[in-house]
Amino acid sequence: MARTILPFGPQHPVLPEPLHLKLTIEDEIVVEALPTLGYVHRGLEKLCEVRDFNQMVQIVERVCGICSCLHALCYCEGIEQIMGVEVPRRAKYLRTIWGELHRVHSHLLWLGLFADAFGFESLFMQFWRVRERIMDIMEATCGNRVVVSVNVVGGVRRDLSPEQCQWIEQQLIISEKEIRQLQTTILNDYTVKKRCCGKGVLTKEQAYQLGAVGPMLRGSGWAQDARQTGYAAFGELGFEPIVEYDGDSYARCAVRFRETLQSFDIVRLAIARMPAGETAANVEGANEDDTPRIISGNRGGIMQSYNRDKHHSITAAPPPDLDIPAGSLAAKVKGKPDGEAVTRVEQPRGELMYYLKGVGSKNMDRVRIRTPTFANIPPLLAILPGCELADVPVIVLSIDPCISCTER
Amino acid sequence: MLDTLVFVTVLLPFLVAAVLLVLREQNVRKVILVATAGVLALASLAMLRGGAFIMSPAPLYDTLITLGDFVILFVVLFVGIKRKNQIIIWLSVAQIIGLIILDFFMVKEHGNIPAFFADDLSLVMVLIISIVGSLIAVYGIGYMKEHEEHLHLTKSKQPQFFFFIVLFLGAMNGLVLANNLLWMYFFWECTTLCSFMLIGHDDTEIARKNAERALWMNVLGGTAFLFGIILLQKVVGTLSLQEILARGPEFAVAGGAILVPMFLLVFAGMTKAAQAPFQSWLTGAMVAPTPVSALLHSSTMVKAGVYIIVRLAPVYAGTYFSNFVALFGAFVFLATACLAAGQSNGKKILAYSTISNLALIIACAGINTPAAITAAILLILFHAISKALMFLCVGAIEQKIGSRDIEDMRGLFAVMPRTALVAIIGIMTMMLPPFGMLMAKWMAIESAHGQFLLMIMLALGSGVTVLFWCRWAGLMLGTPVAKAKPEAQDITVRAPLYILAGLALVVSFFSPVVYNSLVAPVVKMYYKAAPYALPYGNFDSPVGIFLVYPLFLLLGLGFYFALKQARKVTAAQCSQPYMCGEQQTVDGKPGFLGPLGLHVPVQSGNYYLEQFFGETMLSKWINVIALAVLVIMLFGGAL
Amino acid sequence: MFNMTKNVVANLFAKSSTRLYPFAVRGHFEGFRGTLHINIDECIFCRTCQIKCPSQCIAVDNKAGTWTCEAMSCVYCGVCVDVCPTSCLSMSKEHRQVATEKQTMAYQGVPKKKKKEAAE
Amino acid sequence: MLETIPLSLDEVVAVAKEHFDGGWRLVTMTAVDVGEAGFEIFYHYDKDLVMKHYRLSIPKETVVPSISPVYFAALLVENESRDQFGICFSDIVLDFGGHLYLEAEVRAMPFCKVSVAQKQS
Amino acid sequence: MLGNLINQGRIKSPWVVHFDCGSCNGCDIEVLACLTPIYDIERFGILNIGNPKHADVLLVTGTVNHRNKHVLKNIYDQMPGPKAVIAIGACGCSGGVFREAYNVVGGVDKVIPVDVYVPGCPARPEAIIDGVVAALEKVKTLLGMTA
Amino acid sequence: MITKIILAILALVAAPLLGALITGVDRRITAWLQSRYGPPILQPIYDVLKLLGKEPMVTNTWQALCAYVYIVGAALSVVLLFTGSDLLLIFFVLTVGAVFLVMGALASPSPYSQIGGQRELLQMLAYEPLLILVFAAIAMVTGSFKVSAVFEQTRPLLYDLPLMYIVLGYALTIKLRKSPFDISASAHAHQELVRGVYTEYSGPFLAMIEIAHWYEVILVLGLCALFWSTSVVGMVVLVAVTYLAEIIVDNVTARLTWRFMLKSAVGMGLVLTLVNMLWLYAQ
């Protein structure tokens, strides 16, 4: 039987990120898949030795632009654990809101890419169109569309005004309506199901044994989600994971689609229950010699009022003029972390784990990041052989690969 | 003059063959072969100029033929006994008995029937046999020399080889010129024997096995042939082909009784043409040296099978039987094209494609309209040329690269540019307009219009045909080298290649002339109508039009223009293939940098679509269906 | 398929969602961390920003009174703005313009020996 | 503070096997350079969101038995540790030989403290 | 005449190939966002063509590292001229926040010539559009089309 | 004769321009369907002009030849259509181009173009029989394979062959490589094959292929027009509606696999054809 060997990646239009798979195919059936990694490896864990533990927040945010917020969250929770800082409740809620908004944008992004993987361009366009609303929320509330940079050790850098909360809720209502319009297509369309159902099946046992996480795990019938551990405000909000049972690409897609809608509810609930108060705690540590640090959303007179006339985008209602409370966000970071911690949060792609070790200097001794895709690659290698070449993009995308966090 | 020509085309090969059998001297053999080839070619051309004729040789020959019949049958019987093959034994015994009954009890007026008769159809066949066949024989000189070197034979078996080859040429000429069906039967059996001997030539285990299979299938056909003529004698009272044809229309009206002998003869033709369910002997025959495959198993002997079917077409025209023949042909055309698509063995592809094309011819005979018969005759002609060319190419390639697998022919252009180009020309003439094969296929499809089932099968079949030819042609070009060094080749190998390639192009170009002078008269003779008018040399009928010269002109110009553009591309503009950014050439082999930092040379394979075209799975079904159609064909009249 | 047909046909008849940038510009939202500016007159060359910048792209020379920032290395995190004790750093909400050359923002201020003198 | 269970070199595979059979998921492994004392390798297991951390302390240049035959998923992290710390694992199911991420031109074992010291000096 | 037309075509049809050269995805998704309805760079005739052999503009996001530097070079070499390179984001411009990481070589210009730098972390879609427009302006000047 | 020559020249010159415009409109409408603004209508022409000005680059000189033969085949088939020639002949000439396109793809060692070539062959395998069936059905009604015979009909073929029109539409989706059958080469690149058959053609050679594609669009729409041969308005409406339907289908389906394509094309083609034939006999 004649075989074709295909270099799949690193530069390949269906791969959003560089990854190389040497695929051996026979009549377009994959018989072997061998990966090469390292095209995105930067070695940023090592940067903790030349950046102080506060600066590392900005670095870990850039492990991956898509879940930047959650990387920072996981890292900050770890440091706070080591230093024994109690984060104000309002900050916890804000972290939850931004974290879930991240999940929404990431899932929408993924749903689009997934649609593109099976050649459904207009569906891709529609999901990304909706996603722009979420990006607008990010930009309006955090100051950047992607790398939001709101989490810091001790709390968050920005606050949400009541008007902003209201505006976010409006946006969510519109987005949700638009997403629901696409629901039948992504979950029930004949051609879509033809391309997803039964592709890349990961059985329940395999999922656990190979260490799958996130939608990959939940798509195979395990109700396990790190949000159940109650980080940020989840302890108060309560949480039930979403599960599908078929273990195929379709199930993973369904999990993500339903999680998107679930996240809307979480955001709404969090906004409704958000307590008033501080958004950042003073961080006290063993050593008292550090300079006070001011955490604030914006300062001074650089802000011009928002120009409504120019705002003619998809936004139904223009955002209110910003009235970000200033000054109340001051927090002081004193001291240096000394000790070890392991923290976990649920990223869009699954469970993220940080191992942090400080030895009482301003630089961390070790920052170890176990990202979800890192855990999902072994299952991927297990489910690729035997599929059709045309299904390779679908299956690879179905784990929602994030190579930049895998390799860091 | 006529005597001489018939003598030269039929008897001379027998004599030359005898000489070659005893001759051990290489060079003399070469001279004799080339000379015979030349003489045969000239004689066939001369015969063509002479036109239709009828001839009766001396009565002595009749006796010789009868004797020859028995000799062959006993040889076959002997083989059967030696190989302990029950089928062969019983079939040959049956034939011996049948022949005795026919020769001594039924046929009274021995010698009254003219032995030979030729119309344009026969003459076209003679032309093919004498020119294409001779070219293949010449090719055999260079080929066999190398072949035996590869096999490290201590004692050359070439005398035997050429004995059968040349003998076969004579037999074939005899077969197509024969008027007396008894004579035809003799030549028919001759070709069976030659084929058997030549398939087994290399004397390997598999060769012996395949030869045996070919023998029993062909002997089965021979038996059908014999009993066909016995019945014919009974029903019609004559064995003169010419007379039967002349009285064709009246049988057609009468129907019934004539159809059983017709069935037997057509059945014989189908076994000889290796139609399903007997296709396995032909694919098995590919173990023989390539000249054998080219000569016997593609361009000539198997054509004897379709020749008899086309020959008799006017007799069964307009009957239900004819429709079934068409259906059968169309089905086998489609089925074997699918089988060919599932193969990577070059000769097997050729074998299946041969069967497929023969089936198309049979389908045309079955459609049995003037246009369809025209298509059939043109297909016989063009197919012979192109297919012989393809076989010779594969032979030459196999000797050079040591494989007949098309996967191994990837980038052949870099190794043997000339042969690769010739092979590509061969492939183009097989499947693209404006070449003859395609034109004939066009006629076939258009003549089938109105019969939807036929159309569907022809449509699907021609789609599949393009699939396997096109990828073969394409992959031979796949080479990173811009300019390749021409390969060395024996002149006796190269000349036939070039001549055949030239013929394929030129004869296609002159297809209107061929049609006018060779095909139209026969068709008119039997069907009282010419299917096509030729305004400006274009085939025109109410059903459709095929532009020969404009297409040649425009496509030719286009091709020339394209070639000119392609020449402008310099080696400097050649870049490495797209490999997702990991391209890397090591030792001139393109590839990519794979996992673990290792160079992975490119490797690609065609799709053989096991799922759809798997040989074992498909063959089973095809055989069952083909057999069913045959049975219905036989008993259909009773229903 | 039909669901999607409804969607695309609706799109066909609705106005496209495209913002015709750069012909029609929707301004960035208030609070966007855009281009970094310095009011060099206010700067006291305390080097806080240099120390705190996660990208290490600011260089302050308190003797020469220069403040430079490698514009192409800045990650627009806003940390320097947050930490500057005199609030002389600010970020406008326009994104930094593209360039065909790498750029460095270099400012020459008056080194402040004593705060009083500078104030005058 | 992180609660860890000490682990010795010859228990590594047995413990892994035990957890595999007990339905535990391997979350990951973490290698830490503890200077003179060598390396610490953490094995993090998880079952129903409860984590167990095993701490294996080894001197440098120790060959650690790979648990990838038990947990296929360990292959990436073991290869990664090989890349970054130069810790050798025996019997990894797919061994990238220290080139999972790194090309030859990058210093070997970039995560080891010694080499950092060398770089800074 | 034809030359003029071809130059017109060059300006109006820049096909891009996007190579993620070790980006954190922040810039990647912004490049992708450019294709989507809100920004729709196809308005400028820009197609994300995916194949360097068809592309006129190479968009590079991310830091060059030791493993992907030859890939970047290979892709650049496979693009037929005339071609342009746009480095996107702090990482593409200079190596960004990761400049000091051990596996990072630096910005794109360490390996191939860069025509336009698009700063930002990530670069906004608007900035990316600006970048392509700037690259076209540069091409125009090179072709002498401004005159 | 003179009219034929004029028609032929018209076909050679006007067809590609019209094809380019239609492709431009196609892209614009596709954009609208996706709620985008879309490129200028003349975009395809800009693209080709630009490609013509690119540095020629091949992996193998044969590719250049193949690209040019492809365009010759496509152009010639349009000429034949316009001059009222034989439908089957048109089809065979079209095959010449297609075969050379595939040969060129197979001539490059790149696995992407190899697979693209193989898939293109499978696409041909899927649409060729369908087209022949449609032509045969037309011949059933008109009694001839000649295009000119179609125009002698007094009532539109669509009345007699409604299902065959669907078969034709199916074949055209495959031939024009539109979703769900953009299998061998997608119009854009986001496909596992990075443009498949086109992968290794670049610069001027890709321009040739683009122009050939314009010819093919015209050919394909011309074939559709045959189904309403009795009035020009009818033709235009039919063609416009068909093409719009193609674009919409392109936008509401996921790409399917070639296995599905082969099975469905053959199965559906045969069933629809048989039903239509029965309907024809019943009449």
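We just call them A, B, C, D, E and F in the order they show up, numbering each chain from 1.
Simple rule for what comes next: a contact is a pair of C-beta atoms (placed from the backbone, for glycine too) under 8 Å apart; a residue touches a chain by one contact, two chains touch by 3 or more.
For clarity, every value in this text was computed on a predicted model and none was experimentally measured.
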Touching subunit E and also subunit F, the following chains: A, B, C
- prompt: Out of curiosity, which chains are bumping into both subunit C and subunit F?
  reply: A, E
Message: If I average the C-alpha coordinates per chain and also across every protein chain shown, which chain's average lies closest to the global one?
response: F
Message: Farthest chain from subunit D, going by the mean of C-alpha atoms per chain?
response: B
Field: Remotest chain, subunit E as reference, centres from CA atoms
entry: B
Computed distance of Cα centres, subunit E from subunit C, in Å: 22
- line: Whole-Å distance, C-alpha centre of subunit A to that of subunit B, is 68
Message: Quick check: how many Å separate the C-alpha centres of subunit A and subunit F?
response: 44
Query: subunit D to subunit F: how many Å between their CA centres?
result: 58
- request: Find every residue in subunit C that makes contact with two or more other chains and list them.
  value: 1, 4, 8, 16-20, 25, 28, 54-55, 75-77
Numbers and ranges of subunit A residues touching at least 2 other chains: 4-5, 7-8, 10-13, 28, 38, 41, 43, 46, 58-59, 62, 122-123, 125-126, 129, 132, 147, 185, 189, 191, 313-314
Statement: Residue ranges of subunit D touching at least 2 other chains are 99, 101-103, 110
- prompt: Among all the chains shown, which pairs meet the touch rule set out at the top?
  reply: A-B, A-C, A-D, A-E, A-F, B-D, B-E, B-F, C-E, C-F, D-E, E-F
- prompt: Of all residues in subunit A, which touch subunit C in the complex?
  reply: 51, 54-59, 62, 122-123, 126, 129, 132, 136, 139-144, 147, 149, 157-158, 181-182, 184-185, 188-191, 291, 293-300, 302-307, 310-314, 319, 321-322, 324
Query: Inside the complex, what are the residues of subunit B that reach subunit D?
result: 596-597
Message: Under the stated contact criterion, what part of subunit F meets subunit A in this complex?
response: 30, 33-36, 111-112, 114-115, 179-180, 182-183, 186, 188-192, 194, 251-260
Message: If we count contacts the way the header does, which residues on subunit C are in touch with subunit F in the complex?
response: 1-2, 4-5, 8-9, 11-12, 14, 16-18, 20
Of subunit E, residues touching subunit F in the complex: 2-3, 5-10, 12-13, 15, 36-37, 40, 42-45, 47-51, 53-54, 56, 78, 80-82
